[in-house]
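In this document, chain identifiers A, B, C, D, E, F, G, H, I and J correspond to the written order of the chains, with residue numbering beginning at 1 in each.
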């Protein structure tokens, strides 16, 4: 009863190991817990608290222990991982923001006025678009506009 | 003949001043030069070299001098502006990458294998989506998949 | 017509100089433009676009030029000033967040669930509370709760 | 007798695990030790030394060992956790300070003269305020004014 | 009337130039304005607002203009100068804090309990102490103890 | 014979645990080893090599093993602990240097010429001074003046 | 089944130990798995996922366990190791980029137009070139040109 | 006679402006001064002192003044430009070093023993290699091997 | 056979412990392995690969195991230890470079032309020079001049 | 009388320009002012106050104005120039300290006990030593040993 809760990073490592060894994709797991796939991966990697019933399905599907489920349900501290930002697959998004971020800001203000795209009332999607010159990765950021309102 | 080329930051300031004073939107200008609007804003803010004929249209529409056009056509050094990353409108995108970046990476690899979304063979779009709970900002990153290939 | 818009930092310096020389308080100015005082100070220091009619009142009251008014109405880039964070008057708030931030987070989640206090749909107030042991500074952060919602 | 004192971070993890498993809120615990709730959470997370009698109640309520109580009573090193500052729930407060900090400073000086709000003779409160447009998080910083006095 | 107030750094440069050219020491000036010498130097370098009557004496003694006096009276933003911290004369104090800071903290807590030495209700003195092995620099930090008090 | 020497941080943790459990103050220990109290605390926390005879007294008084004594006698690497600098009790000293450091430098040069206060031929003292407005922490830095001498 | 996958850094350490103890060069191993030698070293140090059949050869040749092979096949997070960049053998390349990087950029644009050398569709080679004044290290970066294409 | 020497950054801007306005390539200029093209660009951008006779040719070809020639001949301080490292065209090289640097180091040691590739007795070349899948940028780093030799 | 090689930091700790316990100086050890003393210390602390025969002598003299010898012979990654740079004994050298580095650079160029002192074909010596005003530490850096040579 | 003193960086630029144009070496100037050459260069670059009589000689020899002399005599703020540390000629010294700094520290302690080499009671020399394998740069750091003395 006095053991600490398993850190979310450890739970994520166990989930990843079981997922790979059982030949399951992230999409398979997302389907099993009936949740959007990006949300599912983010949550299982530790970025969202997972509802208890979904956590129970995850550990059952992957044959993991209750400690993993308990860890998944805990409220996370969402710490930015600066090291991960240097991974080339992730870095390209940061580079795109460096190049286009001020332009995106200009156009949000032009269309909506002074405010932001919420990153909380927010969803993101990753898709493949076939293209004769090479298929494309299409990532859609979709968040509610919030205007500066005193 | 020996004056330096106007820095792109100065050209961007002059373009912005003229655009606002004449009541033109970025979309108006993009239409005039027949270019995608995010590309147009990014380019006029200094992130892309602008073809000479488009630069000529910009300075004509805005009533600016040849020095601005010359500046626009120059190849830029695309330096990341770390300060801009703290602007709340831009920061939300960095926050979304901190929360969802590793998940996006997992799904790119699941769908495409080892590789990246190109940030060079790439386009980005900003759109408004009506929503009864409040309209939404929808930003789409669309880049060619490049696989690690030796 | 081709001069750049006055930088907001320059406008703020001119406003500050005129305000001090005329013996006006920030509260006086806030009253003149019929706006909350913290909002007023933040906006005149460059953190918010000021509606044209309010900007016109500001420059009229302070005897400043149209360039200041134009600068005030522009959409700002809200860059975080890391140097200002070391000023002792401002630093105490950062220190309080270092000491109490994780506790505040715990209690927001306990009361509201997973989510954040908006810093956009948000207002802040500075007040004086008399106290026999020495008067107190009372700063209230008041933002809409936003739940993580996919 | 020669074992080191349990680190406060470990005590906090054990307290959190027991609290969650027993279905207790932070408010429940604060009530048990008759202390303000933000103070209680901060102290149990390691930011304040806890009086021995209160520490004894905490470990009794949560069924933890004496080592946890000993750890709680120790004087802390209050190290700022820069990583935690990137958690979105905490970050919004830092962002608010980036946007409004200089304005808050101006108004403190206008009202009190040259000095600061103490972060030591200080209390903070987290409350919920009902609002038809969505309930609000209200966080109040309340510290004694200290004037620069030689 | 619309010129900005002279930056405190510029005022400090002018004061320094006049002081050196007239062969005045900082102590001479402190005496003239009847203020402690460390306070005087800090204030004239820009770290404290100077009362108007003292500022008037300073500019009169040094033959400077009213703009310097106006600058001196302004409330400063006390920004930490990280570069100055590398000057060997200043660095030795930082090094001493690196070596002895945690010990000083232990002894403050042992003597006073949980709290801090105020850096606001605070004075500092620089003195020379004769010593046959070489005279010594004696710098005394003297601040009111503030206990953590909720 | 081939075990590594106990790290000084571990020795410090053991000393601290024993000291607290036995109800000894740092001053008690300093008296036992006949050494200045700030030196004693700094040395036992790992910042100075402790002479073997004093180390023997420390471990005897506190009932610790020979490994602790061996660790104490080792020459330290005196690494600056940047995290500790954010502890409010320690931070106030850094803040005081940010505000008054350049003034202290000016006065050292005015009194002694070009040079520094040694941080090696140096002692520091922490004292309490009674004051009707609240007792004061008085910390004295006392170091030999060293002139730049080629 | 629920053990985490061995971290790639651990696998790399085991591979290195076995390689050295068996007197094998990196070239020997590259030959065994029929892969380019730079790719082989990078992959075995953890920068590329290794196809299962090649991983099987590696562990067989070096007498390592299946856990190493499983680790090698996993998709890596390619985190930049800033510490390694200070190793003199690696640092010289960074220094060369500091000195010649902008010139390389100019010539890429002069020859190819606006775009980059891909670091994904990319290979690198290390060779020795005999030279009477001392043999030379010749490192060739060879990547597909990608033009900025919207 | 007492004017400062023109900063190399200013000379580089003037050279660039004249080069572009006259429609000359870097290769044209390199040919005129009979020097390798990467060396030429680096030197004219300020990274190498330029022999007086070559500097004279440069200013004559480009129609620039003697001040530019004088600036070119001066010994440079070769300061690393961290901002330039974020330009995508330059960043790809840093990324390649992050991914392949340790492997390159291993192979240099395997082939040459303990030592480095000199970045001083060094040359670099940029070439285009035709490829049916898209032409390639080939950058060759060629430096003398220096062994650690006491 | 599959255990990893002992990290050089661990080997260094074991060597240090044995050296101190046996009352041997670094000079004693350097003599035993017939190597310069600075090289010896640096190598045993992990900065140079140690030839197998010398490593064998070290472990024999100090009574350590073969694992230590194996570790010593491995090629190091020479990572800069930024924390060590804050140790006062080491820091003084960095401070001297901050004060005199640009002057040293000027004189190297004046005497040798454009180039550097090699840090690879390099040796360093530490000596004591008696002086009536206090003995002096004399550290000599001695490296081959390398001219920038394309 | 109210003009600020010329910044030392500007004085250094003027001295450098005049020195180069007149074909004088640093050694020539050092001889003229009868001072050690490294001290002379450091002082004229702004790192030491220059006695008035030597400053007068410098400006007379170089044909500069009184403002330069006044600037030279002023007490400097000796700020570390982190950018200069990346210049390859200077960087090699920092690299040598990264590799050999801890070894130098060990040997200082072995020879002298606990303490440091002073960087204030200190001199440095740059010399050329002929060597058939290439002449060598010999830089000698020579500082008084200071023992930690309470």
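Of note:
Keep this in mind: a residue touches a chain if its C-beta (ideal position, glycine included) is under 8 Å from a C-beta of that chain, and two chains touch if they have at least 3 such contacts.
Everything quoted here is computed from the prediction, not taken from an experiment.
Any chain touching chain G that also touches chain H appears here: A, B, I, J. Graph distance from chain D to chain E, where chains that touch are one step apart, equals 1. Comparing chain pairs B-G and A-G by the number of C-beta pairs in contact, the larger count belongs to B-G.
Note that among the pairs A-D, I-J or D-E, I-J reproduces the G-H interface, with over half of its contact pairs the same by residue number. Centroid distances from chain B, each centroid being the mean of CA atoms, peak for F.
Taking each chain's centre as the mean of its C-alpha atoms, chain A lies 25 Å from chain B.
Note on chain placement: the centre of chain D and the centre of chain J lie 50 Å apart, centres being C-alpha means.
With each centre defined as the average position of its C-alpha atoms, the distance from chain D to chain F rounds to 29 Å. Here the CA centre of chain E is 42 Å from the CA centre of chain I. The set of chain B residues touching two or more other chains comprises 77-78, 80, 84, 86-89, 95, 98-99, 102, 105, 109, 115-116, 118-122, 146. Applying the touch criterion to all chain pairs gives A-B, A-C, A-D, A-G, A-H, B-C, B-D, B-G, B-H, C-D, C-E, C-F, D-E, D-F, E-F, E-I, E-J, F-I, F-J, G-H, G-I, G-J, H-I, H-J, I-J. By the touch criterion given at the top, residues 36, 39, 48-49, 75, 77, 102, 105, 109, 114-116, 118, 120-123, 146-150 of chain D touch chain E in their complex.
Across the interface of their complex, chain E is touched by residues 86, 88, 91, 95, 98-99 of chain I. The residues of chain C lying in touch with chain E in their complex are 10, 13-14, 16-18, 20-21, 63-65, 83-84, 86-89.
In the complex of the two chains, the chain H residues touching chain G come out as 25-27, 37-38, 41-42, 45, 47, 78, 80-81, 84-85, 87-90, 92-112, 115-119, 121-122, 124, 126, 128-129, 131, 133-146. Across the interface of their complex, chain F is touched by residues 1-5, 74, 77-80, 119-120 of chain D.
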